[in-house]
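I'd like to ask you about the structure that follows.
For clarity, chains are labelled A, B, C, D, E and F in written order, and residue numbers in each chain start from 1.
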Amino acid sequence: MDAGADSTMAGFLELAAQNILSPVVLFFVLGVAAALARSDLSIPEAIAKTLALYLMMSIGFKGGVEVAKTGLTAQMLKTGAAGIVLSFLIPVLGFHLLRLVSRLPAVDAAAVAAHYGSISIVTFVAATEALRGQGFTFEGHLVAVAAIMETPAILSALVLARRYAPSAADAREPIGPLLREIGLNGSVVMLLGSFAIGWITGPKGLEPVAPFLVDLFRGVLCLFLLDMGLVAGRGMRAGWKDLSAATLGFAIAMPVVSALLAAALVPLTGLSAGGAAIFVTLAASASYIAVPAAMRIALPEARPSIYLTLSLGITFPFNLAFGIPLYQALAAFTVR
Amino acid sequence: MVDMHPKKRVEIVVEAPALHRLTDALDRAGVTGYTIVPALAGRGRGGSWSGEGLAGDAGRMVIVVSIVDAARADAVVSGVYAVLARQIGVVSVSDVAVIRADHF
Amino acid sequence: MVDMHPKKRVEIVVEAPALHRLTDALDRAGVTGYTIVPALAGRGRGGSWSGEGLAGDAGRMVIVVSIVDAARADAVVSGVYAVLARQIGVVSVSDVAVIRADHF
Amino acid sequence: MDAGADSTMAGFLELAAQNILSPVVLFFVLGVAAALARSDLSIPEAIAKTLALYLMMSIGFKGGVEVAKTGLTAQMLKTGAAGIVLSFLIPVLGFHLLRLVSRLPAVDAAAVAAHYGSISIVTFVAATEALRGQGFTFEGHLVAVAAIMETPAILSALVLARRYAPSAADAREPIGPLLREIGLNGSVVMLLGSFAIGWITGPKGLEPVAPFLVDLFRGVLCLFLLDMGLVAGRGMRAGWKDLSAATLGFAIAMPVVSALLAAALVPLTGLSAGGAAIFVTLAASASYIAVPAAMRIALPEARPSIYLTLSLGITFPFNLAFGIPLYQALAAFTVR
Amino acid sequence: MVDMHPKKRVEIVVEAPALHRLTDALDRAGVTGYTIVPALAGRGRGGSWSGEGLAGDAGRMVIVVSIVDAARADAVVSGVYAVLARQIGVVSVSDVAVIRADHF
Amino acid sequence: MDAGADSTMAGFLELAAQNILSPVVLFFVLGVAAALARSDLSIPEAIAKTLALYLMMSIGFKGGVEVAKTGLTAQMLKTGAAGIVLSFLIPVLGFHLLRLVSRLPAVDAAAVAAHYGSISIVTFVAATEALRGQGFTFEGHLVAVAAIMETPAILSALVLARRYAPSAADAREPIGPLLREIGLNGSVVMLLGSFAIGWITGPKGLEPVAPFLVDLFRGVLCLFLLDMGLVAGRGMRAGWKDLSAATLGFAIAMPVVSALLAAALVPLTGLSAGGAAIFVTLAASASYIAVPAAMRIALPEARPSIYLTLSLGITFPFNLAFGIPLYQALAAFTVR
């Protein structure tokens, strides 16, 4: 290792420490701890849903306002294309990796792979917060890229399942309505709708709603991460027994693999350092809201105790605590 | 005294993501109506679940209650079964009496 | 073994704005108690409804469950019917057995 | 048209455009679009109720604080009296208009008419936001006038129904408890209670709660209008088939008629330009929370699919997009 | 036609703070599952209650529904009774038929 | 009375007036009035729970940040010890006082006593708001003291019940799991967890979440107190008939007795004038969330209509309106 790498490592460790001691991560830890200790602390379902919608509304609106400033650029289309490619590709990679290292049935492997190809908006948000804390900016259109990357992975996973687990994933279920359902999913509509509104109204439209959509954002995020910690901790307690060392290892290796893949595509997108970090984080993140619901319909034989525990119980905390600074360091290389 | 008419009460505990498929099946089976009731938490052979804190539909159950004509009960249960065979859920049927038979 | 006593379980799906009228009718009919359960959505002959997003009571249904003595069931159903005749709602009655008969 | 009217027209068009492209209106449009596209986007009931209460709390409190500054004036009593007159009168007008142009049964016509005599707080709020955006102020006591105008219309409609649809609206239902129920309606109590508290504590009391009650207001309003759009869109989809061209036309003509009536009364009230615009908007707005619930009790034979679709599905969007700038222009004439 | 199997439906209205004790009793009695349903409000001999506005568990009721084998129903009701004897609550049992008997 | 006492009295009256006319107290009064008038105004359960959690999160975090500034001190341990002593002692006193003046069965008396030994976080918060309004500060660690004082009172009450009402409080119910349940109670975990996070992150961690956790606090508190007023009013209407003049008197005398006891301990703690006022208020406050739930499990024969009405219906409003300024005046003596 040369001096540059050394200082990169030192920088990474500092980033990681700073990240882990942020209120956002600590509230997640509090949630996990409370759930594991069987505290009755809980956030009502109606509130959890609304917090998620609020986050979509806020990041969508703010992203749209950014795009209103810059206008539509070729960079956006390139980044979007790269995102779609990743969302299609990662599940294929993930599926075969999982089959290689574990004895998971094909239908479970396909469902897990779908989660890793899709994205997690909260991981996205946590990455933007970490960046902002260091004075980085990022391209507003990445919000739209995040929305676009939600769905292709599901398609990929279905194709895999139909090929490798034909009995579980028979062709009875038409794929069109399913994709429509996922595309019109409430959180996607909220994200893209708010993005469009932000784009239309621009900075002038953001101003009067900023105390709600901007100023409260980080505090609300803490509350939402507490909630995610509670749900993740409950899931860990219940899902533990269905997991093997191989699947656990996958849940940590796969995001890193996806991040490397995304990093390789960054130069084609022309993203800034901040934007690249977000893009890589998106690729590395795993869905835990939209894809699980889609899998219950498309691949009901796949076990939620496996895919939810891996995505929400292992990968999400890993990304939150270690992945985000790691991907940021990785992205820094790609834009030099 | 109000006249009462014998009917069947079908109660289905179903995972939330499959709800639309279930109500579509009920529609196809020709039920005159149904009511959806929230569930907070539960336990089954597959372990326990709770809706608390969930921002999405996966991992949550809801209950659908439909009062149907006895003559149609079999068809309804078959239609429901076709959907639920692959999903998480429980179906039970009981005897009830209703007023306003024209309603069902 | 616990002693069980036969009773009637009256289940009423009623539009929310008429809830107080209904519980008043139950009170007048002398029921010993009832429990109100939320409904999320539903469909009937009058089309479908959903409580989601509603800030007011109109267009929402709730469910009232009351366990009553068989001897009183007729009077209860009549009282309920008097209220519900003009409102949106569904009434069904079934047989149940309870412990602690003195409760009802 | 002379030059003055020309510039008024140009001003109106600019106002209208500005209004339609405000985040508040765009979020309403997003909600309608999502509902029509059958997205599963939805705001939980508990949240919708609380957002409505928050709006009442905020406008009540702020209105009370304004009144604390000016003290009780004769103008308030005059405006209140004018409001009560309108709330009684508009249903009579609406009922006969509706019977004239459509073949709606008398009980449905009476129920619809009640909605147009009463008021919509969100329309009120949207009008105040539009005004504030242009630097206008308005009299704080109009909040109390809004509360006062909620109920008389219901009484009017009941009298009409008992006269023209005696079988549906028989005298079995005593009118006293019904009016008490409506008067003690949660949102009225919240509005008037917060108004009283604002009046008592004055600007000093508002200060510590301003970040919650004032700063967040517009953002919360966006979320609430998204919700209203979702509900309205769902209602449009379901209620469409029960409506005729005549009733649809009524839902657009009636608010304009009410606005003209109110404009005629403005000179008697002594309201400022901003206050007059609000007062005219109140008259033109149609209830969609309090009156529908009252009608289910008082006139259960009347069909909600008709009155809710007209009020929430047609008149509310019309007022939001076009009515508000129109009423503002109209009011500008009356206070010259 | 789908095969139906007779079972018992046990419905328990129980005060929220005692919920865990109740589900523990159900677990001990060997039920294969249960579903918890929220209650909004109610009235009993002890007066009326409402969950509205409550930040805590005291003063609120929930409903637990469990479908059990007829052979086990007595044991379940006894187990439930042992918990509920000291708590606020109501238990009722009715006959139902289910598909997928292996589930229970 | 000498001049000093005179001016103290005048100061107290002014404080009391100022307190009663604060928005927080007025919203509580609005809630009580609405409930007594049988208005259908209500806050959904999911919202009430979340408001309570928000208050815990906010005061916990802010308290932790204060402690991060000062570091761990001997004063904290002393105050904590004094709090524990009070929480154990007050129920014993309360129980015997209640048995002396009323004919309440021992099991009811023990349950009531538990409430007065434990604490009410909202009373705590209302006291801090009143202090802040006058420019006082208080020690951040009092938040932890509040959490610590929740539980011992329950233990005390159980011992009393087992001694004086052996049939109702038989030894069937093991005490360990019960205490664990209470200690891991959601609101305690939220309070202590947020306290720990605030302590870890310090003022730097508070900054980004301050718009949510600090700025909104007072407005949210108003909404929560409206809700408490509604619940208290409903409870008053229902619980009235189970109460006697003696128990009512107890509900006002007991907090004053507890306050005197706490005031006697203040010199041992080394608290500031503000801190002493808070400490005395904690002792005088009575639980209405955690202890009622614990009593339903530990002493199910005790009647909630008695302990809830006394604690939430009498003592809480008394403390809110009169107690807080009184305890503040009392505390002022102890730190001279």
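FYI, a residue touches a chain if its C-beta (ideal position, glycine included) is under 8 Å from a C-beta of that chain, and two chains touch if they have at least 3 such contacts.
Model, not experiment: these values are computed from the prediction.
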- Item | Intersection of the contact lists for chain A and chain F | D
- Path length in steps (a step moves to a chain that is touched) from chain B to chain F: 2
- Message: Moving step by step between touching chains, how few steps can get you from chain A to chain E?
- Response: 2
- Query: Approximately how many whole Å separate the CA-defined centres of chain A and chain B?
  - Reply: 34
- Rounded Å distance, chain B centre to chain D centre (Cα mean): 39
- Task: Give me the residues of chain E that touch two or more other chains.
- Result: 37-38, 94-95
- Where chain D touches two or more other chains, by residue: 42-47, 49, 211, 215-216
- Task: If two chains touch, include that pair; go through all of them.
- Result: A-B, A-D, A-F, B-C, B-E, C-D, C-E, D-F, E-F
- Which residues, counting only chain E, touch chain B once they are in their complex? 1-2, 4, 7, 9, 23, 27, 32-38, 62, 67, 94-100, 103
- Query: Touching chain D in the complex: which residues of chain C?
  - Reply: 15-18, 21, 46-48, 50-60, 86-88
- Message: Applying the document's contact rule, which stretches of chain B touch chain E when the two form their complex?
- Response: 11, 13, 37-45, 61, 63, 74, 77-78, 81, 90-95
- Query: Taking the complex as given, what residues does chain D use to touch chain A?
  - Reply: 21-23, 26-27, 30, 33-34, 37-47, 133, 211, 215-216, 218-220, 222-223
- Note on the structure: Per the touch rule, the chain D residues reaching chain F in their complex are 44-47, 49-50, 53-54, 57, 61, 181, 184-187, 189-190, 193-194, 196-197, 200-201, 205, 208-213, 215-216
